[in-house]
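The following pair of complexes shares a single chain, chain A, combined with chain B in the former and chain C in the latter.
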Partner chain A sequence: MLRMLLLPVVLTIAATGAACADKVTTFTLNNGLEAIVIEDHRAPVVTQMLWYKIGAADEAPGKSGIAHFLEHLMFKGTATVAPGDFSKIVEAQGGNDNAFTTQDYTGYFQRVAADRLELMMQMEADRMRGLILTDDIVKTERSVILEERAQRTDSDPGALFSEQRDAAQYMNSPYGIPVIGWRHEMAALSREDALNFYHTYYAPNNAILIVAGDIAPDAVKALAEKYYGPIAPTANLPIRMRPTEPPQLAERRLSMADARVAQPYVIRTYLAPERNSGAQDKAAALTYLAELLGGSSTTSVLARAMQFGADAKAIYTSAFYDGISLDETTFGFVVMPVPGVSLADAEADMDKVIAKFLVDGVDQAAFDRIKRQLRADDIYARDNVGGLAREYGASLTSGLTVADVQAWPQVLQAVTPDAVMQAAHEVLNRKNAVTGWLTQPVDPKTEAKP
Partner chain B sequence: MKMRFVFAALVAFALPAQAEIPIQAVTSPGGIKAWLVEDHGIPFTALEILFRGGTSLDPVDQRGVVNLMTALIEEGAGDLDAQGFAEARDALAAQFSFSANDDSIGVSAQFLTENQAEATDLLHLALTQPRFDADAVERVRGQVISNIQSNAKDPATIAQRRFDMMAFGKHPYGSADSGTEQSVAGLSRADIVAANKASLVRDRVYVAAAGDIDAEKLGILLDKLLGDLPATGAALPPDAVYALKGGVTVVDFPSPQSSVVFGQQGIKRDDPDFIPAYMLNEILGGGRFSARLMTEVRDKRGLTYGIGTYLWPMDHAELMLGQFSSANANVAPAIGLIKQEWADVVKDGVTADELAAIKTYLTGSYPLRFDGNSRIAGILVGMQIEGLPIDYAKTRNEKIEAVTLDDMAKIVKRLLKPDDLHFVVVGQPDGLTTTP
Partner chain C sequence: MLRMLLLPVVLTIAATGAACADKVTTFTLNNGLEAIVIEDHRAPVVTQMLWYKIGAADEAPGKSGIAHFLEHLMFKGTATVAPGDFSKIVEAQGGNDNAFTTQDYTGYFQRVAADRLELMMQMEADRMRGLILTDDIVKTERSVILEERAQRTDSDPGALFSEQRDAAQYMNSPYGIPVIGWRHEMAALSREDALNFYHTYYAPNNAILIVAGDIAPDAVKALAEKYYGPIAPTANLPIRMRPTEPPQLAERRLSMADARVAQPYVIRTYLAPERNSGAQDKAAALTYLAELLGGSSTTSVLARAMQFGADAKAIYTSAFYDGISLDETTFGFVVMPVPGVSLADAEADMDKVIAKFLVDGVDQAAFDRIKRQLRADDIYARDNVGGLAREYGASLTSGLTVADVQAWPQVLQAVTPDAVMQAAHEVLNRKNAVTGWLTQPVDPKTEAKP
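Our next item is the complex of A and B:
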């Protein structure tokens, strides 16, 4: 959830890459603020990102959406910066700024000429503790987040269905609650809710500072000590312990019909392990599995089996997995059938393809191509220092360490076909799965139910 | 027309500027011109190619053929079928993408230095010997039709399409460049081959490269890659006549929120007043939080999640467009505010503070755009197709600094026409109906 829509691509987290960053330096301030400096001196630009280890999944029951709402409200002023002036001051320096919230983290960033970093740090440190909110401001901004929900979720049947599927996937984990919040709870969020959340969780010992670009680590450290250093840590910071999933014993199936659906599809997600500190092998194997089964619309196992030939069943197939997550994540498939093929047939065909893969095993040539591409991605990723900064931020707020991020490319290169098959057999278990059909409204007599 | 917001960023990036980046003009032994920024820090090269013409080259009865052809370029070439081509590309870890819009076809490539020769050969194969196999045509045709069906149910796309249709009628700009289900269903392989020969041609090609390559190697690469394309192609379309008057058009669509596209005529990219016009748009409706529309419609009243306007100069017409979404109850007040802002600027102009702030922002943010090979190559190819000189980067900020309040007053009077604003509203807005 971004504060604003008009910057696309901001949240794309590269699956690989950071280990090749030219120079990565870390330090920790006495108050617990962790800092990472990623040097890239090709252009006179610097990005400051401040990541809080707090996200929507850390919200109290009944307060869904408060993490994201607070993210919006963080631009509403302090004793020294008037409401709405934060972005104006950044723009007056020729910079851009924005913020984002997910289940696991909340982040703020500014992108400016390298010699403007000090002011950015001063302002970011100022609003870590100095936020001032009035009831009027909170009320108006609440209308904005309700419009945001209307635009991004309520107007999009795919997004609405995704919320319903997540709620079914996670029986106990707060990942079953949408980041933006359920509308009825959002409408009741108050100034007090926002400030409680803010005072509880926004603290130097709950944050990670990332500065990327044309700057030396020593200079960053001096500025960080000057602006963030004096902020006292929060002594009673709540331990990040969330409800976790019990064993999932029963497959869940759901269908949703909406007149706005143009292309029906079947989508299945399985509960899957995430990357864990010091133990990323399984996630690396699942990364290959997703690529092999559904990474390419031309050469993946699903595409070859379902999208080619005279009796092709699907217009589109894909497999997806993102291992950066604090708690258990999902591995998924989506299949969009060609006109005339029912979702039941498409799903049956998809299951046949998966079953055959589990018997046949990995095609070595395909495996080798993916391995080479993952290595090359590591090189291409270095072209985008902002992307590297996001990868570190997302990882470190999701339970990983700098060492884990830097080890990841090697972990990927060490994956074997056997490891991929073992992960496949473990994860592709229908008891852990939610299968969804998103359809157009149809005559109930002509379409089977999932 | 399609994907206007995505491309809008490119227009902004393609503005002149002042970065300290040495841009080399390269002419290959065979006479193909390109701009190059050398940077040997990372062992790969980003290559951006644009062919002027794009989907507006569609023959009248073949709407969508350039779009379909472009989607088929990497679906098999030479002795490789679609899967064989993808395997070869992936084995090289090269990245190719092909896109088409109203005025151009784009080719983006990234390849590792160690695979440069092989990657170039493979891309050359796609550009010069695409197979357009029957099964690939049918498969991709199905995907294109699926997209057309999705767009037909997307309120933001419906709004944009309706605006285009009312503005430009039968000109290619007046219809979706992916075509209709019927027109795409009727395209033959011969149509696709003809579109390929008519659009990927040498005398309308613009090239930029950035990364781990020098001028000599780039010259050799360009001859290999583009040297045997046809010299020239189909005639470009005539200019489009803007036929839309001020008013409101409501398209009924059951949804809690309405999607709105609004606009009026804009200004040509090569107009001497383009820079002040660009600054005016940024002050009034730029996608930043300090822009007037964002302040009034979002920050002060919470009527939308985001609103922005932009200048949209095309090769054969020019628009000033805006977009937002609002709950059905909020649309009419939001439209009232937009009209009021338009009228206020016409009445009172912009302030000295606003002018100073936009100068600081635009001149300061310019160098931030040039941070990476891919982005640099994209900016450079855009500058070329817009006809900007190679040293424009150095003078761009001076041109912005030189703009006075008088210049702004002049462009306000010339550009902004409150009575001409037309709003296309897709939804079920309270208290709004189509004006006669």
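Our next item is the complex of A and C:
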């Protein structure tokens, strides 16, 4: 079965808005488990998601990959569910399930017919504390995650380069260490490492239950009390504090050449503020900035300047920003030049476009279009109950509250062109930046180093 | 009183050899304290050094600077010595004392008349376990270390740049975090942080006592038994394991402009192996390589090619390597161009010189000269009992043994030109390298970025 590993992806986040407050109900059990119910009665299905406020960035030094490894091991059985049976049982009930790990959270979900929720909750509660691991299971699954790394990272120059750039971007934050783990550390992860991590962090007072679909809040609460309620909280749950960045004083540049590169590109990331509880304005402005400069529309500033016309320099341009993050995140650009245009020229052009934007300011028509689009996204988002559940889960495990999620559409609508330009001038600071060139191997004499 | 903080310095290590075995005596107390006595009866003085196998690279995430902070706090008193009195007592006895912290160790020493050793040992043993800290003392001394950082680092662009480069050099190892600490983390260090670190790591089974000077080993042993012997070892001393580097796949480049820069320079460091117990050959070869390419002699390869003649491009060149390190270290070059020569040209010339060396190989006469010089250094080193004590302390807290230290002069003498070239080809790999340009602020149009 495929386990999802969420790696940073280059995309512009079309921020999905929050649902109407009237469809969302929250409660907290006595043992600290927070719960969110998102009602959607259009189809008789329900999704249970259990989100742990623990991710790769919470791992101990030298134990990279343990959060994701444990995610795999969570399917390896308890006293009542045999190893590997969890997903088979879900499937036998006509449902499907999966799990995911990022720097900030680990989540598990099942999508089933609404009347199967009780069984799902029983099984999810069972493995919160009841995981049984043998050395054999750990050894076998370790080879699975190593193979996963081989396929997703080691055989993909873009993924490898992303790891190298993240390590350069973050001087102190654990965001510089890949979610899947460094291979040499993954290879040394033990049953004891997994159980230590599990016993410390898998607890009702470190989790958020999200149930979305054709179910009433009272029914969810009754089931949650029955299955999660009896689980004792962890008494001395560690405070979640990661090392943060010192002042970044020197722009960093990396180049990596790999024969497997299909299209060379230049990518620039700047350290950028994330959405913080009660203080989402700057992140909202950066959301506009990414859309304006290199969003999905072909009319973005970078696309118009570089991708069209007889002298088009780029086959692809993008700007990206995702504000859902517990600690400082990044704002970035990608430019993929047309064959024959060097990365040096592509980068120089990109920088000219950015510099011109910083002088010219926001085009009001483009701004208004994005504002309308963000409002429409918010409305459409209400139709996607799975997406909403995911948004709540990611936000609440990344330092935000239900109120923050619900306020976000209004925060986005309140952004002004001035706020966008102020955020642009603050964030587009080369001292905080990492610029990367991913290339095919070339004769070093014919192309300058970045 | 000045407390020394050992920061990485750009210098070529003229490896100091070990003393004759007949002057060095070792013993270990039942509580695990290792001791080394280096006899030197030429003058009636003695140096006591107590080295703890704990340094900045052993700090917990987010607690950078705590090792060095504790070094300061160790002078703040016990039940028998009032705050600040430690050094006054040493001084009143006609001696002097100091302390130092690096990534790999923390050390304390006093140099006194030989008949004062007992008092020194009594006092040093007293503060191994008996430190008393109040919140006031911690608060006051925290402002001292912050001021130390302000003076030594924040006001020195070279030191700041070194921090930024180290963070880029080490993707995973804590060597990427400065010994003195990141300012924002130093400012948050508490009495509890200091005491946790102290109680965990300051113990006889985590320390090495070195007594050097006009004293007999039996006398040292008797005093050590009397003062250090009664101290209980720490039962669950953590195993010393730091995160190590993943494959480095992309050369990193940094540039930093600062108006306070007097002389711009280019500096390149490559990840390089350190001296390991029983395996010092490669480090010995790298010691020659640094001397050959950019050692103290004006006849080094870089100096001859770049510093002399009518078309001299550089006012200073250097190659540097220090193999005494618990984890992977660096091999580096510095070139400071003459006014009017750009850093781009200086770096290009430096790379041409290195490339030519890799083709031409070792000049036998230069090699022979360095070999003789290293042998002479070894002989001279025996005359400097303080230097010997320091060499033993640094080596034994960095994973080496007394036998390694004593073998080192022979290992150096056994190096061949072939071994040097093999080490050069292995280590001078740009994928492992960080290249830095430290400049004065310039119009970005007149100078290319590195």
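FYI, the second predicted complex is superposed on the first by the 431 of 450 C-alpha atoms of A that agree within 3 Å, B and C clash if a C-alpha of one lies under 4 Å from a C-alpha of the other, contacts with A are read in each partner's own complex, and residues count from 1 in each chain.
As a convention for this text, a residue touches a chain if its C-beta (ideal position, glycine included) is under 8 Å from a C-beta of that chain, and two chains touch if they have at least 3 such contacts.
For clarity, every value in this text was computed on a predicted model and none was experimentally measured.
Participant: Which partner does A:Asn172 contact after superposing on A: first (chain B), second (chain C), both, neither?
Facilitator: Second partner only, chain C.
Participant: State whether A:Gln93 touches chain B only (first), chain C only (second), both chains, or neither.
Facilitator: First partner only, chain B.
Participant: Please indicate which partner A:Arg390 is in contact with in the superposed arrangement: first for chain B, second for chain C, both, or neither.
Facilitator: Neither partner.
Participant: Once chain A of both complexes is superposed, is A:Lys282 in touch with chain B (first), chain C (second), both, or neither?
Facilitator: Touch partners of A:Lys282: none, neither chain B nor chain C.
Participant: If you stack the two complexes on chain A, which partner ends up touching A:Pro246: first (chain B), second (chain C), both, or neither?
Facilitator: second
Participant: Look at A:Pro61 in the shared chain and tell me whether it touches chain B only, chain C only, both, or neither; answer first, second, both or neither.
Facilitator: Second partner only.
Participant: Could you say whether A:Phe161 touches chain B, chain C, both of them, or neither, answering first, second, both or neither?
Facilitator: second
Participant: Using the superposition described at the top, determine whether chain B or chain C touches more residues of chain A.
Facilitator: Touching more residues of chain A than the other partner does is B.
Participant: A:Ala150 contacts which: chain B (first), chain C (second), both, neither?
Facilitator: Touch status of A:Ala150: first partner only.
Participant: Enumerate the residues of chain A that count as touching chain B in its complex and touching chain C in the other.
Facilitator: In chain A, no position sits in both the chain B and chain C interfaces.
Participant: Report the residues of chain A in contact with chain B in the complex, numbered from low to high.
Facilitator: 4-6, 8, 22, 40, 42-45, 75, 84, 87-88, 91-96, 111-113, 139-148, 150-152, 154-155, 213, 259-263, 296, 298-299, 304, 307-310, 312, 315-316, 336, 338-339, 365, 368-370, 372-373, 375-377, 379-380, 382-386
Participant: Would you tell me which residues of chain B are touching chain A in their complex?
Facilitator: By the definition above, chain B touches chain A via 5-6, 9, 19, 39, 41-44, 46, 75, 82-83, 85-87, 90-91, 93, 95, 110, 112, 135, 139, 142-143, 146, 149-155, 254-257, 259, 287-290, 295, 298-306, 308, 325-327, 330, 357, 360-368, 370-374.
Participant: Contact residues on chain C for chain A in the complex?
Facilitator: 61-62, 64, 160-161, 163-165, 167-168, 171-172, 174, 176-177, 182-185, 241-244, 246, 248-256, 436, 449-450
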